[in-house]
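Shared chain: subunit A. Partners: subunit B in the first complex, subunit C in the second.
Moving on to the complex of A and B:
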């Protein structure tokens, strides 16, 4: 059992070929998931039970089940129904990539909406009262007062969720997608050298995570530029 | 629903394995978390560095990668050790149950490290001074003052770690643990109804998550029974 560095050098470029797919899964499902989360958030804070209740059930179900099960239900499960195979969605659901993006979107949307709700609930009552005193409508208060402050409050938790989304993209390899993990698993199946391959892949993911953390650090500093204490 | 006839007992045994993995990994997770937190809070530079590396590595690497690395990696190591004694042995592996349990408890333990560290730092210094004044030894202070204050602070995030543990057990099916995901796979090859079978898996996990959530809520109430009104 020895560490084979030439094998790492050979397989590293192969694994990096999958970085595009990992990145694509992360960005598309991150953006779509965020839109879904905002929708769910608006439903939850609408104060109407027929909007609040379905959103709550949705969040409960998607946060209470493993993402792997969700991926399998969408990829292996949905084609069980004839009408899905005949519908327009089949173009997306036929492709494993489409399924993975759908599953990751639905999953991250549930988590992010709770994070955003935490931010919204953290906005000071006094500020909203000040808004009312200035004669702002509910919509104006939401856009000009709640949104900027809630974004600042929710950002640290949101950055953690983006990182766990990145880690979840690795599960796409279970439905035959050749992302970085998928390629690594193929190489390991051929060479049977799990240490070299998986460890170097772990380092790639860590660099990716580190980059995301730095990026969110910059955004956090930018959003907090007025609230930073002097000195 | 009649396609499910005959599979209920398989699902039951699968769910029992999920429960077993959860119990075992919960114990190990607390152990890793406490060790990590102690190392981070210790005066030793080396221990701090090791614990820091532990949290960075396992929070930045996808769970599935850690599970695969631990399972295949330990199999290679064990095989090469076994071959020293008996060259005829072709393959020895750690049972997927233990490889998976250890892997997920290491991963979630890295999150628990931060939780426990924060909770220990949150213990009121006044309480510790009071304990000193009463002539308690360091060990007594730890058991009677630090731990009771610390677990109440750690509980809400710790509940989330327990939920991650439950959901991560689904990943162990990838290395061949015969839990509910595995049962579903077998059932699908016989019945050809993937959606139904994976929905059952989802429902089982949702049940587990609900139990854990209710349990944490109960314990939280229990923890607050003497502090209500004191805050």
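Moving on to the complex of A and C:
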């Protein structure tokens, strides 16, 4: 078979038009998902069963089902209920982008809360005892000792999740969204050249991922500045 | 005023502590006067650490009474915090906050707990860093310091809170031999200045030269307590004799 470079040259700019939407899906659901994750984390470590238990159920449900199924349930399933169509949430749920962002947020929130919990559990017990011995309150210990150390510990796993989220955004193309993958699928449908188009699409995602890796590398060096021996 | 001085600063009466079915402390009775220096020794697992950790409520005692400077330790957070403000603690593993520079380690609790200003906290921090002889390390991170230096920082951090009592939980056990001396020197200085101290340690040289009283614990009980001279030269209990023969033969 032949590899049509001119086709790639033509379709690359088209696919790149979708990068804005991909970026928007990633950033909005990444930020909202992180906030959700912090909330879930606080419920998980609250020591109160009536907070811990619902959070555990939530995490189980969203980690236990495919994200594609979650997107379909939200996009195709929820509008069947009249009370949802009548509610304020309809403004978000009537748009496929809103549905995709909601699904990605709910999904990543479940994963990230467990990542953060791993970080919190990794903070040495002795450090918290030192805080107690100095008279610090539970809240003060959490803010000034646990949070900064847990952030450093959780970062590698967290960056992994953000990269995974980037690639999950491609699933938005299944509900008519014209992100990079959505545009690529349209081009393939027109040109019958899946190999060239999807290869170029893969490379765009790789470049995007490379940028994210670099970004997290910088954050990791900043948060870990205290763990290097040289002054 | 006299009354206050006559009352022991630390009183433990009939204190018992259980970890599940295991009894870690059995009927501990201990009074420590203001300015007194106590060394606690005994075999591993004898309850030494547990005993001093009960004094600032890092462990909860199950029954009996612990009264610090007239305040009884109860479940109430207010009482616990009041006691912790008066009691400084130094740990075997230093427990410096790794993400903060040395001076920030010393400033944090001053600002949060004693509510002093940043400027004042820094001044106090530098004062105590000078006292433990490492002011030049102020802006480094803990990992960049040797074990002995880190432990001196930990002592300074506790002193910044202006405690009435200092508890030392095997402060030199995690140190290389050449660093033990610099930490003991700081502790000896502190003792000379009249600090009330309880030290869990196996440094018998330190016990001899600094302690007013040496306490020997075994299996959760105080077996023997005496001034260092009597303790080392004429121990009464067989268990004490056995312990001393084991640690002094080397």
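The rule we apply is simple: the second predicted complex is superposed on the first by the 230 of 231 C-alpha atoms of A that agree within 3 Å, B and C clash if a C-alpha of one lies under 4 Å from a C-alpha of the other, contacts with A are read in each partner's own complex, and residues count from 1 in each chain.
In this text, a contact is a pair of C-beta atoms (placed from the backbone, for glycine too) under 8 Å apart; a residue touches a chain by one contact, two chains touch by 3 or more.
What you are looking at is a predicted structure, and each value in this text was computed from that prediction instead of being measured.
*Asks:* Looking at the combined model built on subunit A, do subunit B and subunit C fit side by side or clash?
*Replies:* fit
*Asks:* What angle, rounded to a multiple of 10°, is defined by the Cα centres of subunit B, subunit A and subunit C, with the middle one as vertex?
*Replies:* 100
*Asks:* Looking at subunit A, does subunit C or subunit B touch more of its residues?
*Replies:* Of subunit B and subunit C, the partner in contact with more residues of subunit A is B.
*Asks:* Once the shared chain is lined up, is A:47 touching subunit B (first), subunit C (second), both, or neither of them?
*Replies:* A:47: touches no partner chain.
*Asks:* Just subunit B (first), just subunit C (second), both, or neither: which does A:226 touch?
*Replies:* second
*Asks:* Per the contact definition in the header, classify A:127: touching subunit B only (first), subunit C only (second), both, or neither.
*Replies:* second
*Asks:* After superposition on the shared chain, which partner residues are touched by A:148: those of subunit B (first), subunit C (second), both, or neither?
*Replies:* Second partner only, subunit C.
*Asks:* Looking at A:13 after the superposition, I want to know if it touches subunit B, subunit C, both of them or none. Which is it: first, second, both, neither?
*Replies:* Neither partner.
*Asks:* Could you look at A:185 and tell me whether it touches subunit B, subunit C, both or neither (first, second, both, neither)?
*Replies:* first
*Asks:* How far apart, in whole Å, are the nearest Cα atoms of subunit B and subunit C in the superposition?
*Replies:* The answer for the closest subunit B-subunit C C-alpha pair is 20 Å.
*Asks:* Per the contact definition, I'd like the list of subunit A residues that touch subunit C in the complex.
*Replies:* Subunit A residues touching subunit C: 124, 126-127, 129-137, 140, 144-145, 148-149, 152, 225-231.
*Asks:* Considering the complex alone, what residue numbers of subunit A touch subunit B?
*Replies:* Per the stated touch rule, the residues are 1, 60-61, 63-70, 72-73, 76-81, 163, 166-171, 173-174, 181, 184-185, 188, 192, 194-195, 198-199, 201-202, 205-206, 208-210.
*Asks:* Name, in rising order, each residue of subunit C that touches subunit A in their complex.
*Replies:* Residues of subunit C touching subunit A: 56, 58, 81, 84-85, 87-89, 91, 93, 95-100, 108-109, 112-113, 140-144, 154, 157-158, 161.
*Asks:* Where on subunit B is subunit A touching in the complex?
*Replies:* Those residues of subunit B that touch subunit A are 56-57, 59-66, 68-69, 72-73, 76-77, 80, 163, 167-171, 173-174, 181, 184, 188, 192-199, 201-202, 205-206, 209-210.
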